[in-house]
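These are the structures, in structure tokens.
You will see chain A twice below: alongside chain B first, and alongside chain C after that.
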Partner chain A sequence: MMQGPLKPQFTGARVTRLEDARLLRGRGRYLDDIDVPGTLHVAFVRSNRPAARIVSIDVEEALAVPGVYTVWTAEDCGITMYTERYDVGQPVLAKDEVRFVGEAVAAVFAEDRYVAEDAAERVRVVYHPLPPVLGFDEALSDEGRRVHAHRANLFHHTEHQTEGFAEAFASAPHRAQATFVTHRQTGVPMEPRGCMAQLDAATGRLTVYVSHQSPHQFRSQLTELLQMPENQIRVIVPEVGGAFGIKAMLYPEYLVVADAARRLGRPVKWVSDRTESLLADAHARDNRHEVEVAFDEEGRILAVRDHVFGDTGAYPFLGFPGAVGEAGWATSMLTGPYKIPHVSITVDCVFSNKAPEGAYRGVGGPVGAQVQEGIVDLVARHLGKDAADVRRVNFIRDEDFPYQTATGNVYDPGSYAESMEQALALIDYERFRREQAELRRQGRYLGIGICTFVEPSAGAESEAGSTPYEAASIRIEPTGTVTAALGLGPSGQGHETTMAQLIADQLGVDVKDVVVMHGDTDSAPFGGGTGGSRSGTIGGGAALRASQEMRQRLMKLAAHLLEAAEEDVELVDGHAQVKGVPARAYSVRDLARIAYTDVARLPEGMQPGLEVVVRYQPPLSTTYSNGTHVALVEVDTQTGFVRVLDYVVVNDCGRLINPMIVEGQIHGGVAQGIGSAFLEELRYDDSGQLVTTSLMDYLLPAATDVPRMRVTHIETPSANVGGFKGMGEGSLIAAPPALAGAVSDALAPFGVFVTEIPVHPQQILEWVQGRVHSA
Partner chain B sequence: MQSVSESAAAGRPKTSITLMVNGQRHTLDVEPRWLLSDVLRHQLGLTGTHVGCEQGVCGSCTVLLDGQPQRSCLMFAVQAEGHDITTVEGLTPEQGLSPLQAAFERHHALQCGFCTPGMIVTVEALLRENADPDEETIREVLSGNICRCTGYQSIVAAVQDAARVRRESGAAKLEVAAKGQNEAAGGEQA
Partner chain C sequence: MKPISFSYYRPKSLAEALDILAQEEEAKVIAGGQSLVPLMNFRLSRPKTLVDINGLRELAAVEADGGVLRIGALVRHQELLAHPLVVQHFPALAAAAAEIGHWAIRTRGTIGGSLVHADPAAELPAATVAHRGVLVLTSAHGERRVDADAFFYGYLMTDIAPDELLTAVELPLPSGVRYGFAEHARRPGDFALAGAFVEVAEAGHAGAVTWFGVGGRPDRQEMELSPDAASRGRQFAAALAELDGPEDEVEARYRRQLAAVAAEQAYQRAIASGRGN
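== the complex of A and B ==
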């Protein structure tokens, strides 16, 4: 029905970001930058026991500290985040029992954070320790204690088997098995979580500022848990300093802050410190996949069996118990870009006395990809074949689309084989194989790892909730500038720029004349927020649809004023003109003025003003982006250190809105993948204490750990509006398997095959020392 | 001279200090335990200095202390008395962006922007000392500032570009200066 713009000027271009100037000047306003006089600052008293009954809590000494306003325990704030499906509730302040180290037990409200922390140290909690449950095996064993006394630790069990699996598996010429493990990791946005709330003195409404990915979902949750009318709550998400999934969750601290602001009648603020972040931000990964693969002489994979164990920690996050998300995504995407006809999948998720798991970029994607690429590499090694050749034998080909996987997904067209061939050419794979052999003779161990990923994006459901649509409102102001608002929750993805690019092209205006608002439930239309790689695709679709509708309005008005047929009118450079006759034109500014203030000139039936709200639900329930990552590493067998020497990415996320921003997302995801593969691990000791509570223990990749990456694009458009596919997570999905595979390849002469990440130098030394390599 | 006052309500002694920040003198009453980062942000309203870990690891709170990068979360405000402190606000022109900031914009060297002021401060100090740092040096210097979004690649590119622009404009200024002197000299001769 609608035509696109004649010449897209901004869409697809490397437009520099509209967000940048304020951020570079140090003028971004993040949560902790909001300072309101009279604010009470909160420090939480957190459990130092993984499992214990609370015998008593004495707050008297804390209350006596000068500057302390009050101290709350569960008796003062009894809100519980209850998940009916599992019959488990998390009290926002622990009640009767603590279930993980870091669980909030009491909240101290004071005139500043220093005082609040002083007083928090004086809250005396007497615990009666209970034996902690710390892993899947313990949680599942008959002797294991129950984390929640009223219910079993196993809270989620699913089985899925394709018809004919048993026969296909039994009759295959070859079988191999491996157990893949990804340890606990987390998102670590550089800006810690935080929340501030205050009652509006004039209206009595509650304003809640929060560093979050989904303002409307957050408001809905507050509405329910605070039992307040939705229109009495305004949620404002200021500048967000990174989120990566962990800021899509609802946390107990936020409810304490919001409840306190309305009941104490004072502004209340809490900002997490880094230790609290590592203790109580959503954790992720922490799962084990016991895998068997059946294959033929050519390396064709015939059947895969996978038994997944996931540990979600002490409580399910509302709407998103992390272990279920992890296992669900991993097993759903288990066959990746390969034609694997049969699967048998069993999932077991348990509660434990560790921090609750939620979303972290990619959710189960990296783990699923580790299994998917792990089995291909395993097959190659068993058969003595080249890893790229085994992939070629198994790829879903162009003629197979739409392709239904054995796990039930329907893939829209992608470029799986093509992306791998291009990536191998970029890294000069054949030459590398020759050099690799020569270098091994010199005692140097280099390896290449390949991951061809498929990323489900823009799904109807994600950690951002189940909102299968996005909304965009567009208003042309009386002076002709454009104000748009979306329900997204960006945290550095540049939506103010990409959405403006799409809108500017439709309206024929400069990208700089479009302001994109988000994050304030008073101005943004109800939307799903940001998560699950949905914003560019669904949000972009909404922005396109809304601006197309606005364009139609402008054309109709211009045609009427110019006394021309609508088909004869075009929008060029901020003017609506009779095609090819710039002299007969109205500027968008003139049209806007007329629409608002000279309404007698409007065509009959046209509403005054220029404002539209459009909700867009994509035709595809999911659109799949894809690509191939190839990592080239050198392993130092003396020190155990791995150096990434080269890294190439061929990415296909359909039509690109802004290649510069897409590449930035990829670079960042690869860096996080390096962390995931080699550095990042949340380690609990045998007594249930988290021992990685600083960034000196939980190691993030630094500039010296990340190589220069080369990124190129293929564009296989989606059938969704605009042809966009989501791409926020694919790079973190693909990088860990590519890097782990590269280490396996490098150390193949020692018989090493990596199945557990992160890989630490000590492990590498254990693997190679005393073993004569077999090259 | 420092004076010690006692807040009756709080019972916590405050000290009067004078801080030189971005060329401006500020006299403040602070508790001796207040971190420089907190005082910059919450007493002086200079919120461009960000606090990412308070463990001295992430580098988001980096400021210049007498021209040298310093973690403002690892020192007390009282320790900063008598030193010249420069924050990102002090490295930002009245209008628009500094050449380094502009290079960050051109190269998409920031996403969420939280680590960015610390990066700008750290790199500004580098470029004042080293006009032509190689990539290894740049990465080594940046290794004290964690960025979780960009994978550093675009930051390295921005620093290289900013160094080039700085060298060229520096060279151009020298040329202009030299040319001006020659012309002046020639005029005298004539």
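== the complex of A and C ==
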């Protein structure tokens, strides 16, 4: 019925990103570029104790600093972000007690940030220290203090076991066990978080600018917590310089800023500095998986038992307590691309006196993949088999789709085995194995790690909320150019380009004639935003559906004007013409002019103007993309340093909208994976202080740490509109296990098997020199 | 991450700079700002007055004179690593300067700032100690010359007085000895975890190793360097055991191991530098 154009020109092509002209020239306008006269700048006084009762807060000296407008504590702003399910609320300014280092205790409002920080130093908080709770075991022990006095630290417990697990496990010929640990990490966007709010004196409406991923969800949360009508709040998300999930969360600072703007009657602005970011942005990945695997002689995995511990920190983020999200994803995807018939899964999530955990790109995916690939490598080790062969024995094959996993997911078709075979061919696996043996004799230790990942994408629920659809509005302006608006919240992914590609193809116009807007709740239709790898798939589906509807309108109008049947009209190169007769044509520009200004010529019943709004909910509740990453590393056994020598990715995210953008996403994810596997760790000391509070201590991969990588594609289309599958997270899901596996492989002669990331060089030397043993 | 408020001077002559330093309390010199500004933004350093010496072009020269190379305090790392006199006489110093931070940092950061800041993992303090340099410190009361070995006290601590300006460092032109340098950093451009300058006599086995990144200051130890690699390794390990390391045991062991690896590489480079001539 709604036939696409015969030759899509833009969809699938390497269209140069429309955003880059401004971004690469430094012309993007970010939150901190918004500069309104009379703005009050905020500095937060943050707790320097992991756990303490607040005895008193004295703001007198701070108020006396010239240029200070006022200082707020919980007494002045009593908003609490309350999660009914766990009966825990986070006051936006700490009330009575502080529960992590970095928790906001007071807010100073001043004429500039310098003065605000001068005054913040002069706020005197007297604390009565309490013993901090700093890890799973402490949180769970009977002696451990309660982080929230009125409730137990264990706040989330689930168990799931397949029928017949016990027998399958007990009767298996082999069993092995390992404990996998991922330390705390976070997404580190180049642009830190920030928020600015301003009351419109004329209308009384509150405009809130925020660096965020879900403009509408953010507005809904403000509506509720500020108790303001939805139409009195306008949320504007300016250019966002990276988000990675951490900007999908609702943070206390935003509520303080918004509340102050409306109550103080002045514009108010706060931009996080890097130390605040490391202290109080959503943390992630603080997980332990105690795993046992049962398998047969061939390496076929028969059953897996996993007991997961997750530390969510002091408070649950509204709608997304990180540890629950992570454990949920990790265990749901535990069997990855493998046919593992039996699982037994126990999840325990606790509160602790550390920063709250939320979403970070991939959520539990990287941790689950670490377990999923770890057990396969473990089985290979035990049986003395090749790691690729053990994968071959276990893969879900083409004939198995749709495949229902032991954890209850239904996978749509993918290319698991094929992606691995292609990746191994790209890296020339057989030759590598020969070279590896030869080099080992020379004292050089190279290794290969493989991760075949399955990425659940475009799910009904994600950190971006539970909006299972996306919306697109499309308007053809009276002169024939196209303006579209979506409810997405991009942060550099290039949605303005990919959405324009889809729309341009449907309407037969140039991609440069399509302007895609987003991020302003006054102009964008209500949508879910960006997160959970949903934008390309669900957003793309909405763009496609809306432009198809618009296309029909154009065809109908053209047919009427040309006095032809609709079936005989085609849309090519910006013209609607009678098929094969370019002489009988109307340009889109003419059609638009007629639709708006010459309405007497419209067919009976057709509304003037050219504007549609469409909401699209995909038929699949989740569509699964996949691929294989292979990392080749060399470990220097004198220094403990790991160098990534080669890296290949075979990716399958269904139909590609723009391969260049997909590859860019993969490059970034692998870079973050290198950080995750080797560099990044948020470290708390024994007294509960975060010791990695600058980028001197929280190490990020630099350009020189990231190898040139080779990326190729397989396209196994999804049943969703357009055949797209999401792919925002797969690269960061797959890279850490591939890299960790490569280190295990390189150091196999020393009996090293990596189960904990990040892997530090001093750790590697301790292993190699036999001082400590790995799992 | 904003500094406290401060007054700012940009003197036009050395005399004016020294006057300001003599008169203003809690004044600090700012050169490249690559160490000072981060500290000020963290409010770990809280000077009331900044004396910007970037206008004093007389501090920016490199000249060879009477058997010494005199390097002005304002010489940037990026100039140092490429300067013909440095490359000719002090190739190990040039190599070390190339390992400092990144290009943007090297075009601002100065040798004077690096020496006065005295980070124990910094390249240039160690290079100055290794080459037995002399620091020229000037104040309104006159000039003082201090051996590099005596200048560095410990972690970020030196012999400089608040009213003094480091104007230059003088390195005696080497004769009959060769130098090699190596270091290991987590990522290119990071401060080294550990590193070493090794000095070997052109005749005989006399030599010295200057370690950095292990203890709180660069340490120069003279030793007969065995021609046998295994014995050299033991010598390095024994020498390193004498240094105070970081508190954490694993960390200390790791840094000593890296330093030993660096020393061996530096030794090989020193030997190889002779073959080229």
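To be clear about the criterion, the second predicted complex is superposed on the first by the 769 of 775 C-alpha atoms of A that agree within 3 Å, B and C clash if a C-alpha of one lies under 4 Å from a C-alpha of the other, contacts with A are read in each partner's own complex, and residues count from 1 in each chain.
Everything that follows uses one rule, which is that a residue touches a chain if its C-beta (ideal position, glycine included) is under 8 Å from a C-beta of that chain, and two chains touch if they have at least 3 such contacts.
For clarity, every value in this text was computed on a predicted model and none was experimentally measured.
Once the two complexes are laid over each other on the shared chain, residue contacts for A:Y114 go to chain B and to chain C alike. Shared-chain residue A:G204: touches no atom of chain B or chain C. In the superposed model, A:R274 lies in contact with both chain B and chain C.
Of the two partners chain B and chain C, more residues of chain A are touched by B. In the superposed pair of complexes, A:A702 makes contact with chain B and with chain C alike. Contacts of A:M190 after superposition: chain B is touched, whereas chain C is not reached.
In the overlay built on the shared chain, the residue A:G384 is in contact with neither chain B nor chain C.
Within the superposed three-chain model, A:T639 lies in touch with chain C and out of touch with chain B [touch as defined at top].
The interface of chain A with chain B overlaps its interface with chain C at residues 114, 273-275, 694, 701-702, 704. Those residues of chain A that touch chain B in the complex are listed here as 16-17, 19-21, 23-30, 32-33, 35, 66-67, 111, 114-115, 187-192, 239-244, 273-275, 491-494, 660-661, 663-664, 666-672, 694-696, 700-704, 706, 708-709. Interface residues of chain A facing chain C in the complex, by the touch rule stated above, are 113-114, 117-118, 121, 273-275, 638-641, 679, 694, 699, 701-702, 704-705, 761-762, 765-766.
Residues of chain B that touch chain A in their complex: 9-12, 31, 33-34, 41-42, 45-55, 57-58, 60, 87-89, 92, 96-97, 101, 104-106, 108, 110-117, 120, 135, 138-140, 142-156. By the touch criterion given at the top, residues 1-5, 42-43, 184, 186-190, 250-251, 253-254, 257-258, 261 of chain C touch chain A in their complex.
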